[in-house]
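Labels for the chains are A, B, C and D, by order of writing; each one numbers its residues from 1.
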Amino acid sequence: MTDFTGVFPILATPFRDDESVDEASLRAMLGFVAGLGVEGVTVLGVLGEANRMSDRERENVVRVAVESARGRMAVIVGVSHPGTHATIELGAMAASLGADALMVAPSAEPVPSEPRVADYYARVCAGVTLPVVLQDHPASTGVHMSVAAIARIVGENPGIACIKAEAVPSAAKIEALSAALPRRVPMLTGLGALYGQFDLEKGSSGYNTGFAFPEVLQAHLAAWRRGDRALARRIWAHFLPLIVFEQQPGVAVRKEILRRRGLIAGGIVRHPGAALAAGSAAQLTGLLEFVMPGVDVRQPIDVAAIVGA
Amino acid sequence: MTDFTGVFPILATPFRDDESVDEASLRAMLGFVAGLGVEGVTVLGVLGEANRMSDRERENVVRVAVESARGRMAVIVGVSHPGTHATIELGAMAASLGADALMVAPSAEPVPSEPRVADYYARVCAGVTLPVVLQDHPASTGVHMSVAAIARIVGENPGIACIKAEAVPSAAKIEALSAALPRRVPMLTGLGALYGQFDLEKGSSGYNTGFAFPEVLQAHLAAWRRGDRALARRIWAHFLPLIVFEQQPGVAVRKEILRRRGLIAGGIVRHPGAALAAGSAAQLTGLLEFVMPGVDVRQPIDVAAIVGA
Amino acid sequence: MTDFTGVFPILATPFRDDESVDEASLRAMLGFVAGLGVEGVTVLGVLGEANRMSDRERENVVRVAVESARGRMAVIVGVSHPGTHATIELGAMAASLGADALMVAPSAEPVPSEPRVADYYARVCAGVTLPVVLQDHPASTGVHMSVAAIARIVGENPGIACIKAEAVPSAAKIEALSAALPRRVPMLTGLGALYGQFDLEKGSSGYNTGFAFPEVLQAHLAAWRRGDRALARRIWAHFLPLIVFEQQPGVAVRKEILRRRGLIAGGIVRHPGAALAAGSAAQLTGLLEFVMPGVDVRQPIDVAAIVGA
Amino acid sequence: MTDFTGVFPILATPFRDDESVDEASLRAMLGFVAGLGVEGVTVLGVLGEANRMSDRERENVVRVAVESARGRMAVIVGVSHPGTHATIELGAMAASLGADALMVAPSAEPVPSEPRVADYYARVCAGVTLPVVLQDHPASTGVHMSVAAIARIVGENPGIACIKAEAVPSAAKIEALSAALPRRVPMLTGLGALYGQFDLEKGSSGYNTGFAFPEVLQAHLAAWRRGDRALARRIWAHFLPLIVFEQQPGVAVRKEILRRRGLIAGGIVRHPGAALAAGSAAQLTGLLEFVMPGVDVRQPIDVAAIVGA
């Protein structure tokens, strides 16, 4: 059972040209990150385009993920749904297939209500058997949870085992939550690692995000943990241009990088998601050459060598 | 095959206390409106809480609806989904179960784009075998389609057989669309009939909404069609207080009325949907007594008698 | 000093063809409603297009309103502003010109926060000398205030003298607020009187809205207060088709009616506000003839005669 | 007359503890950036908290800016307003005080409409005497303008002299606009320089943003223009951690840096804007030490020395 500390990549869902799920690529990605030694993965998040998939397809992705993980890493499954009943049903599906945890974000309702959001988590935690990652990501959900509301939810629901801290400014929120939570709960950094260094300084337990070079996040976190703060800063700063590029809206940029890494066969985004903007591919080529000249991204990259450590 | 002219009630999805789908109530509702002689029904719209249901549950609702309709009325199935691929998959499901038409609304994307919405309809129309009702309901979708955009979509997609005109001011939009559409397409009135009289004056072909007394809408439309405009106005005006009451946000009010009509066993709304506000039940009692004193709402009501025609 | 009980029309701001403020029409409107015996007026609300006016123009409207009122009725001035400092500055301006009260709604901030909204009211109440009408109108502000938050704000700020209750469902919110407020505060009905009957049943103290026939609201309220509930319902129901028509989005419909009433010279809406939709004028003619056949709307209308009381 | 090419800092509006405008600090900032040799400044943008200021205060800021600039640099004035008439009035004020250009962004209306936005620019351009910077910043305006819409607006209004390109992904939009515009219009980079390198690659003419070290943007742009692309990338990448930190939501972070630079006396943000999050000040100290160890930020910094060029 994971302690939600470390690096947990969020996986894209690869699609074929006809937009059907590309299982082979999914397995390739899972095998690659398992080989890196990450602590776990999350499937069916925003980056996974879960909201554009049918329930049957979601189930299939979970099955493939659990099979590929083979216990080498935790499998966290995004099960957020506008209906609480359906969230619980998806949670039961994930549990029955052998997943390790669920990621749950609240849905926007016409009249925002923190008590209702709290009730959502209470029902979900009561209805599922797996630990829950509370995702605090207003940019995608439209739901703003105050520090006090999250503290209350965490206090009332022992099933909440982790917070994915994606409300900006994230470092400040992590700091405020650390002071307010009634028990210690690991908080993981998302948002493509954009604020990774700042979050670590305030107590983040690691990464749970889709940056296409998880080995960078591993090196960053490892340096930070062993107290080499200067190196940690250098690693994060070195890759920041790529982090910023990837963090542009839409999943197409990230899928293009995954494609270049040989992890997915094609960078197809499901309609109506935006495809890669014209001109971005060339820009990415130049950027990769700037950040890691001469490096073959199809292999795990040697972060220490690249930053000259 | 329906011509999308007449009264097509939008059905609520009845739930038991444990929030599971109450098939018996669903059949009762379907039987009741079929008995009224409506031209069709729509299942799995916003009122149907489709967004809070799993795919399996949606499939079951369609099966029950088609079985209960037994060809007596058209069955239109809401299949809107944030992913185009999934919309088409839901459309195939509905077709395979014997539905007659699909209702399709666009989904909001981070960067609104009328060309992308047009592409959505083009892909859906190319991918499904049933006629499509284009739902123009910005209040629920967050997507605003200009008159020009809808005209273009209708022109490019022969599969679009009807427009559910729910962008306010609806009468003005119906009038503008009538002038702009490249071919005649029936436009149906939604929004709980709130603007029903105004829409009819501008060319609405009938009703496609969830007002809990479809017999009122039938009487209104019938009077209008046979040229008795004074009676038509009287009918609509007479029931307007109830229409306004029902049109308050949330589906709980409407479900409470359906419960009182004996059509559903309980007024349960799926979490996190808002339950009936305290005090509303008593208010409804007074309102029903004002609008139709002494009338047993468990039977089809005699509209002419009530308005004194 | 008003007790915020009765009918307080919200006034449109009349503009000339060149969009400059039409003072003569403004005076005409003020004189008309004063002649009706209303308890007060509100200038510079949403209907008053305050957000499209310069500070200098606002000041001028207040000056004209106070002059025209000549103590015959209270003058409430909308002073909501995205900046708290500026709200207070506008409040000082209104006070210096002799206004009687201020209407204040909170502004949406990127991260919604009830404590910050409470702080907004605390600062404003501390900074102004006039009583404050707290406007709860999420549809225009994007700010949702829970019953608990409003109760807290009212408890902490003696300066809050009235609540304009425009969060739907409004009757339910009025009922909940009545139970939750730490002291009695009059609550007034807005939203164009759409839910007027329902609000009165739950404790509304009257009207603070822009419906173009304030004499209807006066008659409705008077009947209700003297215990003639049947007549009250009849009055409201009789005019409901017109209320619904007027309550369509935008201020153009209402300005057109005011124009027909002879109260404003022209129905100009400031750009980029939407002008009257084509076809709406004809529709309005038919509607007025239906609701009050043969009545000269340029005079105060005889509500009792029209409803046959 | 400026050609909108180069570096045009967006200025914060400094406030005293009582939130009144701190003119002395404003003059200090203006003097500092003039001393750097920037091509111009923009006052009263989002960073300038213009939306929280009264008209009188805005006028004062413009007066001070023009006086301080003394012709050494262009003064661009933000005059966006929800009302077109008021935008023009503010534009006349700025012109009469000697400003050089206006920055104009559209306002969100209930029903988004590109033709209405085009009409807004047409009216403003016809009504003002100064060149207009079209600001395309959906994150603050809520208005999305397609490439085609902007091209049409630019084509129809010779008065539009520049585009502030802040719709993400900005580099892709700049590239698309370059191909679509009917005449060449300089496009400036905003968004705190977050995508500065990417924008330059696609044709940005420089910077129009509030990053608190304009000398970095000058060095970046200069290196790029003289063809030293490697150095340009190095400069941008070197300061990117600070750019990312500053680009966190709210203006408080930026004001704190300006305070440390000695340009403003205090970092006060007008209520209800969020103050600096607890813990951010310490974090900033560490970050500045990492990015430019030992550097006195109260003086213009030596970018070449810092990046080791």
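Note that a contact is a pair of C-beta atoms (placed from the backbone, for glycine too) under 8 Å apart; a residue touches a chain by one contact, two chains touch by 3 or more.
Bear in mind the structure is a predicted one, so any value in this text is a computation, not a measurement.
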(request) Please decide if copies subunit A and subunit C contact each other with the same set of residue positions, more than half shared, or with different positions, and reply same or different. (result) same
(request) Would you mind checking which chain's C-alpha centre is most distant from the centre of subunit C? (result) A
(message) Taking the mean of the CA coordinates per chain, how far is subunit A from subunit B in Å?
(response) 38
(request) Mind checking the centre-to-centre distance between subunit B and subunit D? Centres are C-alpha means, answer in whole Å. (result) 48
(request) Just give me the whole-number Å value for how far the CA centre of subunit B lies from that of subunit C. (result) 33
(request) Would you please write down the residue numbers of subunit D that are in contact with two or more other chains? (result) 111, 249-250
(request) Please give the residue numbers of subunit A that touch subunit B in the complex, ascending. (result) 19, 49, 51-57, 81-86, 89-90, 107, 109-111, 116-117, 119-120, 123, 249-250, 270-274
(message) Can you tell me which positions in subunit D touch subunit A when the two form their complex?
(response) 168-169, 171-172, 175-176, 194-195, 197-198, 201-202, 233, 236-237, 240-241, 244-245, 248-250, 277-280, 283, 286, 290
(message) With touch defined as at the start, can you tell me which subunit D residues reach subunit B in the complex?
(response) 111-114, 138, 144, 146, 167
